[in-house]
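Look for chain A in each of the two complexes below; its partner is chain B in the first and chain C in the second.
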Partner chain A sequence: MAELDLRIDYYPTHEHKGIKYRRGHVLPFGATMVPNGVNFSVYSSASTSCTLVMFERGEASPFAEIPFPDEFKIGNVYCMIVFDLDFENLEYGYRMDGPYDPANGHRFNKDTILSDPYAKAIGGRDTWLALPNKDEMYSFRSRLVFEDFDWEYDRPLQIPIEDLVIYEMHVRSFTMHPTSGAKYKGTFAGIREKIPYLKELGINCIELMPIYEFDEWEHSKLHPETGEQLVNYWGYSTLNFFSPKAGYAASGRLGMQVDELKTLIKDLHSNGIEVFLDVVFNHTAEGDHRGPAISFKGIDNKTYYMLTPEGYYFNFSGTGNTLNCNNPVVRNMVLDCLRYWASEYHIDGFRFDLAAILGRAPDGSPLNNPPLLESLAFDPVLANCKLIAEAWDAGGLYQVGNFPAYGRWAEWNGKYRDNVRKYLKGDAAMVGHLAQAIQGSPWMYPTRGTTAGINFITCHDGLTLYDLFAYNTKHNYANGEDNNDGCSNNESWNCGYEGETVIEEVIALRHRQMKNALTILLVSQGVPMIYMGDEMGRTQHGNNNAYCHDNDINWLNWELKNENADLFVFAKHVIAFRKAHPVLRNRNHFTHTDYMHTGFADITFHGVKPFQCDFSADSRVFACMLNGQYAKNGTCLDDYIYIATNSSCEAFKLELPLLSNGMCWHTSVNTGIVDAPCHFDIGNEPVIQNTVQYVLGPRSVIVLLGKLKNTNPL
Partner chain B sequence: MAFIITSEISEGIAKLTLSGSLDSSSASLMQVEIQKVATQAPSALVLYISELEFMSSAGLRMLIFAKQKLGTSVQIYIVQPQGQIVDTLQMTGIIHSVHIVDNYPAQ
Partner chain C sequence: MKVSVKETETAVIASIEGSIDSKTAPDLQQSILPVVNDRNLMVLDLTAVSFVSSAGLRVLLMVYRQLKSNNGKVVLVGVSEEIMDVMFMTGFITFFEIAPTLKEAFANN
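And now, the complex of A and B:
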């Protein structure tokens, strides 16, 4: 500090009511600690003047308002250093003056105090669901954070994407239930307490649903019939892109959410678990022309939002507005934001909500070569981050299979989800689609390899895995929208009874179907993603759009781990099986040839008879054999793996392919086994004696290993 | 409550006694004391904080600063912290970088 004090450019040149300041630096944007002061820098192209407004933390009225002198504006950037501020107790914002002319895209109003788009923390929602003071003159207050976290030797893990097993989760839902046993329920610290569980399950990546600061009270309402409080629970509505949600931190009320989140990430990394963020750059919490001006709308509306020629908001997000991502200024903000999270928080990857919007021009038209997506793909700071697109938007742009990838982007494979669901419920003409899904969708990604697709059967959006086999239709009345919200086409099947039942056959079939789904997911080429709680049969009681519930509908009931112990143990097994067998984790597609002259092609298709797969519309049986000598595309050795699936209600007797060199088939998984364990520990798989009449039960999946003989015959 | 800090070095052990509130207005005082004891390369740092009532984010930074200034081989002992301070250390995970003890040396 002493040496820095000697710099001659860090002395005040101006004074305003006892507060000393000087011209600042235009970069970086935001509020940055400098010797003895804070550098404030904010961009606005169409404003006529700007005033810095500063509060003591929590105070109703500002202690100072300093207009930026004209000479402090360089280009379209206002910059100022203010000295002798209390970093920890400072809250700040801006008044931006300029035309209020919506028809031409301008909505300036100097009476409104606006958050800094580059603020690193936001005050106002420090404690989850604490009642806000609606009379406050400034609700979402920009704050400073210390960037001196002690990361020690931590860095992003850089696990190859094909080796990941992603676990999508909601911070609050994961530990909020009374059964979680966590001390700090519903928080980042709560997740840290559950790291041993995540390790036990075997996943090596968590994907956090939005943790950027949002307002849980946004669009809150009471259920028209039950009176229950409904809130913006999931948080897909960003207030600020650089700030972690304080209400997700046990220490948020103390302003320590940054430390708490970084500690979580550091501890996850030290346990071999990567951290992905679900980021929402397609829209903000400011809504359409009727929504509040919180930040972007008042700072430079025409820059930050896609506007119609009449000055209204394009609504490709379905939430009122659309961020103008391919405007160069906004594009740079997105880049700055992701670089910040990658460098300051050591984030390993990002999943972009409604990412098709990121490929739209300011007038809404899809771009052939979207500059933002290209910039992200080739950004030097993000070079080792995984980039995953939800390749569609609410405006009808559906890009699964053809998202502009630049050799970098992966995408949520929505077609995988739909096709596997259809196959599992027994639809006709699905065997070919299942073959594609298990191979990593080579028809969809012929040049991009298997890792272009994030395979999933369930995610936060839609039914849980249990509900997929317990409900034919959505049951969203609890959302207060008369069951009109949420997708109506779920490709689900209730196994014979809608909802909860005591019919043992139905319960058993549901468990088998969940195991079938988990097995197919974990043996498919590509990157598997599991939704939180599916490993223990979590239910949302048929609700496929639980965005508004801060209660049991979303909270993970940890008792299910015991109640559905068979399912949980099974999920652990198939995850461990995937990790043990590199032939399941190829980066490139199979060639269907034996280019290394091993005796078998890298993958072969089968049916009831070896090498005779029936792809006709009436077929429900599919089998394939993966040649272990082609593991990791021929770079390492593995066992042979034979996978067979049956979505019909009748059993079949399979003739298995003949192996050579003393190898024989062993059973790892057989979900059709009813009265005994349906999976076998790795290394202790029983040998199959009858390889010409191996029973594939109704609605079952088997996974066999071809290797030298174990000594444990079935 | 005003922040008060005293320091001493005894047999190679740096001992700081803190009371009051450790926040952004007082953290610099602790930083000075840490820098002072660091010049004598202590083998351990012991913080007597039974009278410390509050530790803010700026206070936490002083623990990080101490660890980095003294080196990772120098253990930091926190003697008789109040429950609220322990809670803060737990929530933020800093507790893994220090030793919470009732007495130093242990009896």
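And now, the complex of A and C:
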């Protein structure tokens, strides 16, 4: 190795007040450890000069400011190697000089120290909700990280998307409650402590709500009436796209959040659980013209933001600004960022918040062929990552069903959510919609297959599953906006009483409805997603927009697992049932034909009578039979599965389809069973004797298995 | 940071005192890596170590990697609760055996 030391770029050529430096390398952007020093590289198209500002960690004043000599700028990139830095204790930023001319999109101010858009860690919020020092000259400080994590044999798991059961969660909410039993509450390490729980539940993918560094104090305020501290709890407001949130790491105060997160991911992988990130590339934390210049705004405003002809900020995100993601430079930053997370953090998939914005041109108009979405879809590093769009934005662009997919992109199926909710609460004319939902929405995705849709009934936005059946309307007073925030159209039904009650019939019906919802979700074609805690009946007390609460409203109360043990055990069952039956996980849509001549089409519709489904507006009964010989589109063999749903308050007696070859029907799930378990363990399903008058109870769902008689029935 | 190294036929025992961070990690690395040779047991006595930073953890991992290539192992002795916490959170703990005392480190190996 000794001969490598002969490279001349390992040694300085310049000196400034005792700091030695030399010309740097333009790529990669950001600060990179190189032999004997650190290479700094930053892009700015319209600035006139740039100064590197360096601090000892935590110090109020910089120990050095080095202007980039003109000859260190190649194109629009400033680059410099600085030698003999203590990279573990280094904090750095830039001063950009240039025109302050908002009407023409420029907001340079050399008095402001800006964080590096490519920083790999950001200091300033190292401990969650620690009081910030508002007098600091530089609040969100760029830092370096070690990128040498020992992954051993790990890599992203590459589980086929149709085989996933996604569990959406908030890092802090998952273990922050005193009942969690976690030692490292509210952190990445805390999730790691709970891996046995995730395995017990049976999910095989977690989707983390935003973990890019954000400022929990942003827009914080006291509730006007209760005085309670409200904060930016969810974190849909990014400070830096490459940095994990330090406050989510138990070791964040020591600057070890990168290792802690990677260790979590490595352990999840070794337990067969993928990790998706909810990423927010539609806007940043810098707000509109009244917001602070933290990074992008001062480094190259016109490049990073969509601006009106007058130089103000387009607001398609509803948060003040819109990232200019189809500008080629910003597009590359997004690509670099996702590649970084996929390769350095082994992330398995990304869910893009308000992704319709990613298809807008710099002037805001929707593009027919958005280059960013195309680049991501065809990127070699991201080739095995799952890409999932929230296919709408706050500017009115709604693309569920027609998001530019390039054969890759899936999308949160908001129509599935709305239609299943409407069906479950008993709305008329919903049977046809339910049939679509259970089949993986073939009308919406005729050419994209079932996996284009991420099916969900609840997510972080909106009511929890329990609240969906406990509240008719939102109850957001705790948010301090006089109940005016949050969606007013929840398609919820309180089962006869608004909020908490001791009326047993109401409680029982709520539990049945939650089980109905979970069953429909887990037997639907497509990719199911469960929201954290719904498996144990978590409540937000009717709050459908809990973005600002660092308390019991968001924290998962683990005692619910015991209090609602019937629900938790049921959720485990329907997840295990899905995993046991490949016919529920087809990639292509059913054809409604018997192309393999098995005696039945791949899917058939039924009602009270076999093969007679009533799709009329007054009907609330739907049944279908999946032919197990068409499992995974005919590539493997499964049992027959018969699913029947009833959203009316009457019971029906079903005549079941007659099976051949000695097969008979067994009960796996019957949510209408009262005072006894309503599900039966896999392999121990009881045989149904009366197949001509099988009772489908009011507001119930049944799932039956058609197979040879169980040898060990209950 | 101070380090004193004792060598036996099969093992190296390094007793470290002070803080292992980016300033001291290179010295530690230079003190202990060259003496590993083909031995397959390294005992690091951390009883007098007050703090281990990211850079410090990396030196420990380098030692592990070198021993691993000799089919050997690294035993950490006298790890404070705080350092144990950090090593758990960041996953570094999984690479090492832990023993409360030097005597027990040798008794088990």
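Worth a mention:
Throughout what follows, the second predicted complex is superposed on the first by the 706 of 714 C-alpha atoms of A that agree within 3 Å, B and C clash if a C-alpha of one lies under 4 Å from a C-alpha of the other, contacts with A are read in each partner's own complex, and residues count from 1 in each chain.
In this text, contacts are C-beta pairs under 8 Å (C-beta built on N, C-alpha and C of every residue); 3 or more make two chains touch, one makes a residue touch a chain.
Because the structure is predicted, anything quoted here is derived from the model rather than measured.
Once the two complexes are overlaid through chain A, chain B and chain C clash, as defined at the top of the document. When the two complexes are overlaid on their common chain A, residue A:Tyr184 makes contact with chain B and with chain C alike. In the superposed pair of complexes, A:Tyr406 makes contact with neither chain B nor chain C.
Of the two partner chains placed by superposition, A:Tyr398 touches none, neither chain B nor chain C.
In the overlay built on the shared chain, the residue A:Phe83 is in contact with neither chain B nor chain C. Once chain A of one complex is fitted onto chain A of the other, the partner contacts of A:Trp217 are absent, as it touches neither chain B nor chain C.
Look at A:Trp151: by the touch rule set out above, it reaches neither chain B nor chain C. When the two complexes are laid over each other on chain A, chain A has residues 86-89, 146, 148, 150, 184, 187, 189, 249-251, 254-256, 259-260, 263, 266-267 in contact with both chain B and chain C. Partner chain A is touched in their complex by these residues of chain B: 23-25, 56-58, 60-61, 64-65, 67-68, 72, 88, 90-94, 97. By the touch criterion stated above, chain A contacts chain C in their complex at residues 86-89, 145-146, 148, 150, 184, 187-189, 249-251, 254-256, 259-260, 262-263, 266-267. Contact residues of chain C toward chain A in the complex are 21-23, 53-55, 57-58, 61, 65, 85-86, 88-92, 95. Residue ranges on chain A touching chain B, taken from their complex, read 86-89, 146, 148-150, 152, 183-184, 187, 189, 192, 249-251, 254-256, 259-260, 263-264, 266-267.
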